[in-house]
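Each of the next two complexes has subunit A plus one more chain, namely subunit B in the first and subunit C in the second.
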Partner chain A sequence: MIGTYEVVETDLLILGGGGAGLLAAIHAHDNAPDLDITVVVKALFGKGGCTRLVQGGYNAALDAADSVERHFEDTIKAGSFINDRELAWLLVSRAPAVVDELEKRHGCYFDRHPDGRIHQKAFAGQSFDRTVHKGDLTGIEIMNRLTEQVFKRAPRILEEHRALDLLTDSNGSVCGAVLLDIRTGRFVAVNARATLLATGGGPNMYRIAAAAADKACDGIAIGYRAGAELMDMEMVQFHPTGLIAADSRMTGTVLEEGLRGAGGHLFNGRGERFMERYDAVRLERSTRDVVARSSYLEIRAGRGSPNNGVFIDVSHLGAEFVIRNFPGMVKRCSDMGFDLARKPVEVSPTAHFIMGGLCMDTETRSRLDGLFVAGEDAGGVHGANRLGGNGVAESTVFGCVAGDTIPSLISRLRKVSDAQIEQIAMEALAPLTRNGGESVFEIKAEMQNLMWDKVGLVRNGPDLQAAMGELESLTERLERASIRSFRKYNLEWQEYLNLKNFLLVSRLVALSALAREDSRGSHYRSDFPGANDERFLKNVYIGPGQKVELRPVRERHS
Partner chain B sequence: METVTLRIARHDPETKTSSWAEYRVEVREKTTVLDCLDRIQRTEDSSLGFRYACRVGMCGSCAMVVNGRDRWTCRTLVRDLKAHRITLEPLRNMPVIRDLAVDFKPLWQKYRQIQPAFEPARGERVMKAEARRRRERIEPNLQCISCGICYSACGYVASDPQYLGPHALNRAFTSIGDPRDGAGNERLDIVDNEHGCWKCHVQTNCTEMCPMELSPSAGIQHLKLAILRRRMLNPTRRKFAYSMVGAAVAAVSAYVAYQPKEWVAAGPVEALPSDNFTLIGKDGKRAYVRRLAGSEVEAVSQRCTHQGCRVIWNGPAQEFQCPCHRGLFDSAGVPIAGPPVRPLERYPTRIVSGVVEVFLS
Partner chain C sequence: MRLILHVWRQKSPAHAGQMVRYEHKQVSTHMSFLEMLDVLNEELIAKGEEPVAFDHDCREGICGSCGFMINGVAHGPQPGTTVCQLHMRHFKDGDELYLEPWRASAFPAVKDLVVDRSAFDRIIASGGFISVAAGSPQDANCIPVPKENADLAMDAAACIGCGACVAACPNAAAALFTGAKIAHLGLLPQGQPERYDRALNMAAQVRTEGFGSCTNIGECEAVCPKEIKLEVIARMNRDFIKASWTQRGDAFRNESA
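Our next item is the complex of A and B:
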């Protein structure tokens, strides 16, 4: 039934090829050139994921007047003090060296001052202009150069292969994964001595969302199903300025944060600069959680723009300035018929990033033996809200850490069980053998509306309870859905598999959101509108069996 | 809201059969070509194969041939195509996986051949002002998203499967031109042959089509110049065979590649015939123009889509003829015989106080 499957043995299996996955491959190879490395990418190699979509840039304390301590403080403050201190410290303290490595070893070249220093631009929520960038399309430079470095080291690359689930031995240790080759529809069982999850989260379960279309919270779902512990799953970041382009797929794509950093204004439908009412000091340069929520509240109160958004206006900065500094944004808007340099453009909050994820330690170990995690799949670094510019810093820093530590932590090859492989494959194949079920696209649309309305920027107990029920019934409907029964490059099948993971992760988000009865960072409960440090200066953990637990924040950092 | 017809080239890898399928899609002001495919997939035919990831022009996954022209579909508004029938085909010069999704393997294979990975030069760590100025030359060619459009649009790639192609050569140019890089000579060796930069005779399809507005063809001409410069300095290093001819070709082609696009006047509307094409422009910038019904004007490129020779309009036969390899195009510019497979390029036109202008490159 499942057909013949290929078996691959490898030392290090890397699931995902964004900043985290690629740097892990590069570092692991350089640390241990004999290591057999396999990189699996769901999209085309070098193209999928969000590291490529990084526009604004990369936070690192490089300037003599700045300091790692200040970057740390900004990061913790933005995270409402629930960041894992050790991980946050690792992020900020290693970021400068990684920027240097990206330039000197991998050939990236970031924008410069005339005197040769790296130019750092203003982002929101930071006490210093420390965002390194390449124009307003920074991720292209980073991914292009890293892709070539990986080619040079020639690991096994499996593109348009998706990880379905992890393989575990009788002790629960992870010993590889089952993949689906999207092009042929055949399964590949990878038996690995170590496995790194770096599939980049991706909150695309919301109606308006920003992440690359190949991302479906796969890594978080896969890790959780294998028994890994998750944290902070209620913390989903909404970017304040997602472009609104009617019913186009372009809706939700991000107009970069530097527009606000440079002094852009936000107006509601009545022409009021509404941020004055929400954060009179920082205004539009407030952190993302505050700005996104404020916009949402304006829209909900009926003060939105004609297409249910607000306006971003940068025209007062001068068209020439805008065109010079944000050419990518201007061109993109103009292709869609908007004049960003001269006129206000309608934007909406858009689901952008998952702060939560698998628990990890400073050596990127998850709580499961044999399983490592880096990048957006991991939790703890950003706490309740990520600073703009800390995302690509996280994926590259922790990719390096993973590549540096895994070779020395790697264990022996453990035997995989055929029964487990077959079971994973059978589950994936189930919808192909059913008939007469409803369309997965219909279920997806309902989930996205539900998540946006009830588990989105403003939440409350009854809505979250209702959402849990509705997610349950969507899951049951998905279990009856049927899809056309061919295997080769069947995109409907991929959507089914995405939905399975989206629905699981959505439930975990709602569950954590119910547990956190206060408002903090990106998580806002209208029934508990303030922060309650006494009870909730803590992290919400979810373990196997959806067991939710609150534990104090890990404070130590040296 | 209006309705357009999409004619899609389909290929089923299960049965290994190809066919055309037609779908009608309602479009609005902000509907992109990609949106049409998304809608067909969701509501009409879930078996449709196509690809995208970023949906915002950064990943280069969504390119295909739209009404004969290679484009990124996530950033192409249907209304800008000004057509009610839209033909979609997969990118050329790469194997099709299903329908509109191709395998990028040949593109990357060639990319890997030029050894694209940065090799830090020994010693040089600080970027001096001089080096920074040199770097500025490669800046405009850096933000390649590997969309494959140039590779698909290039006639030389079509005729020589071993040709490295504009995508790889453009990277060869940017890495050789990077003053911090130390492997320039090795890369010049790799591109200095008949399947490397010398294959390019400056058809400039790549530059015209590149959605990121890079100019791979200018990059390729720079490679030729760099090779020639190296030979002059060290004539024993390589055969001298190409050098003088090559120098001339390179100088001319670098010039041609650098011609910016501009609006060129083509005389008053009334003066244009409506039953015949007239040749307008001068030097490297020429186009065939004619008047359509009313005061609409169309402008067709003189460049044959096979190897870039100049086509000639034959009025009585109502055909464009290419003298080089006997390619024939009908009066709409659609290939009807000979090696060309894609229609003649069209240029934008406008009428400014009665005078026709054509946007020429």
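Our next item is the complex of A and C:
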């Protein structure tokens, strides 16, 4: 039934090929050149994932007038003080060295001042202009250069392979993963001495979302099913300025933060600059959580634009300035028929990033032996809200940390059981053997609407309870869904496997949101509209069996 | 809007392919071209037929995953635009469109509109990187780079590796792709130490992969979704010729042999 499958033995299995996965591969190889490394990418190698989509840039304290301490303060303030202080400190303190490394060792070249210093631009929520960038297409530069460096080191690369589940031994230690080759429909079992989860999050379970099309919260779902502990799952960031493109699925694609940083204005449908009512001091340069929620409240109050959004207007900055500084954004808008340089453009909040994820320590170890985690799959770094420009900083810094620490922490190869491999494969194949079930596309659309309406920017207890029930019934419906039984490049099958992970992660988001009875950062409860530090200056953890626990925030010791 | 689509369907490299006609009645002008195919695929799945396979990921025109021929033009009729960013308002009711994969012997068929472009990866692996740390004694980011060179390098670095240049070229040459990489690194201080070895090694790999020779036709520049200029090919040729005349390294000897 499952067919023959290949078994690959490797030292380090890296699931994911974005900034975190590639830097982990580069560093692990350079630290231990004999290490056998396998990089698994769900999309095409070097092309897939979200690091490439980074427009804005990379936060690092480089200027003499700036400091790592200021970057740290901005980061935990934006995170409403529930960031893991050790992880946040690691982020800001290593970021300058990683920017330096990207240029000097990997050949990136960021925008410069006329005197040769790296140019750093303004991003929202920051006390200093510290965002390193290459125009507004920073991610392409970082991904292309890292891809070249990985090719040079020639690890085993499995592209268009998706991880289904992790393999564990009788002690619960992780010893590899079962993959599905999307092109052939065949299974591959990888037996690894260490496994790094770096798939990236991607909250595409919301109706309006920004992440790349291959993203399905795979890493978080896979890690949780294997028994890893998660934290802060209620913290989902909505970017305030997702482009609205009528009934096109392009809706949700992000217009970058630098537009607000450079002085862009937001208007509601009545032409009012509504941010004056929500954050009179920072206005449009307030943090993402505040701006996104303010826009959402305007839209819900009936003061939105014709297509249920608000307007971003940068025309007063001058068309020439906008075209020169934001060429990618101007092009993106013009593809859709909008003139960003000269006219207001309709935008909506769009689901963008998951701050929560697998718990990790400062050496990227998860709570499971043999399993490491880096990038958006991990939680704790950003607390309740991520600063723009701290995302690619996180994936690259922690990718480097993983690649530096794993070679010294790697254990012996543990044997995997054939029965476990076959069980994972059989589960994936189940919908291909059924008949008469409903379409996965129907289930997906219902999930996306449900998450947007009840587990979105503004939440409340009864809605979250209802959502938990509805997500459970969607999961049961998915378990009865049937798919045409061919294996090669079966897009419907991939959608089924995505949905399985989306529905699990959606339930964990709702569960965590119910437990947090206060409003903080990206999480807003209309039934508990203020922050309650006495009870909730804590992190919400979810362990195996959906056991929820609140624990104090980890302080900084280093 | 209603469209007639003729789509290249090929189950696998082992099967013969053919054009299959589909009538698509539910095309919204707001859709991108790939969304239009998504809707077609959902209809095909509902009818119990196999959906059309095509590569895609970011749908923002920057990942380089997508790409196929529309009426014989790589990425379709809109200049400087990938198929994911191509919008249906550029077409009109009743249009008849022929969709085919990139065709080049160096890009073997996988399924339907999907081809294997890993030859590009091997060209990069043959030298399209820097490997000399540009650190002390003088930091690369302390060396002033003339603004003009920085801009030219950035333009060349815009390549997303989609393969449209190969598909459009009557010779199926990979000169624009390879030239973009060589020009980009050759314009920056980080890329200097390996500049000439890079040109020799990458050119050798291009030939190994079975790409054709460049005869300066310019179809590649016309279809490039990132609007990379033919000038990068001139830069590649300059570096390659200079390297061939001045170096007697292994790469050159292998070339001659």
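Assume the second predicted complex is superposed on the first by the 557 of 558 C-alpha atoms of A that agree within 3 Å, B and C clash if a C-alpha of one lies under 4 Å from a C-alpha of the other, contacts with A are read in each partner's own complex, and residues count from 1 in each chain.
Note that in this section a contact is a pair of C-beta atoms (placed from the backbone, for glycine too) under 8 Å apart; a residue touches a chain by one contact, two chains touch by 3 or more.
What you are looking at is a predicted structure, and each value in this text was computed from that prediction instead of being measured.
Aligning the two structures on subunit A places subunit B and subunit C in clashing positions. Of the two partner chains placed around the shared chain by superposition, neither subunit B nor subunit C is touched by A:Y278.
Of the two partner chains placed by superposition, only subunit C is touched by A:I118; subunit B is not. When both complexes are overlaid on chain A, the residue A:F321 reaches neither subunit B nor subunit C. By the touch criterion stated above, A:F81 is placed in contact with neither subunit B nor subunit C.
Once both structures are placed on chain A, subunit A residues 43-49, 52-53, 104-107, 109, 112, 116, 135, 137, 139-141, 144-145, 148-149, 151-152, 183, 212-214, 245-250, 253, 332, 335-337, 439, 441, 484, 486, 488-492 are touched by subunit B and, in the other complex, by subunit C. Across the complex, subunit A meets subunit C through its residues 43-49, 52-53, 100, 103-107, 109, 112, 114, 116, 118, 134-135, 137, 139-141, 144-145, 147-149, 151-152, 154, 183, 212-214, 245-250, 253, 328, 331-332, 335-337, 439, 441, 484, 486, 488-492. Of all residues in subunit A, only 43-49, 52-53, 104-107, 109, 112, 116, 135, 137, 139-141, 144-145, 148-149, 151-152, 183, 212-214, 245-250, 253, 332, 335-337, 439, 441, 483-484, 486-492 touch subunit B in the complex they form.
Of all the residues in subunit B, the ones that touch subunit A in their complex are 13-14, 28-32, 34-35, 38, 41-43, 46-61, 74-77, 97-98, 101, 103-104, 108, 111-112, 115-118, 120, 125-129, 132, 135, 142-146, 175, 178, 180-181.
Within the complex formed with subunit A, the residues of subunit C that make contact are 11-12, 28, 30-32, 35, 38, 41-42, 45-46, 48, 50-51, 53, 55-65, 80-81, 85-87, 89, 110-112, 114, 117, 121, 124-125, 128-131, 133-135, 139-145, 147, 150, 153-154, 157-161, 185, 188, 190-191.
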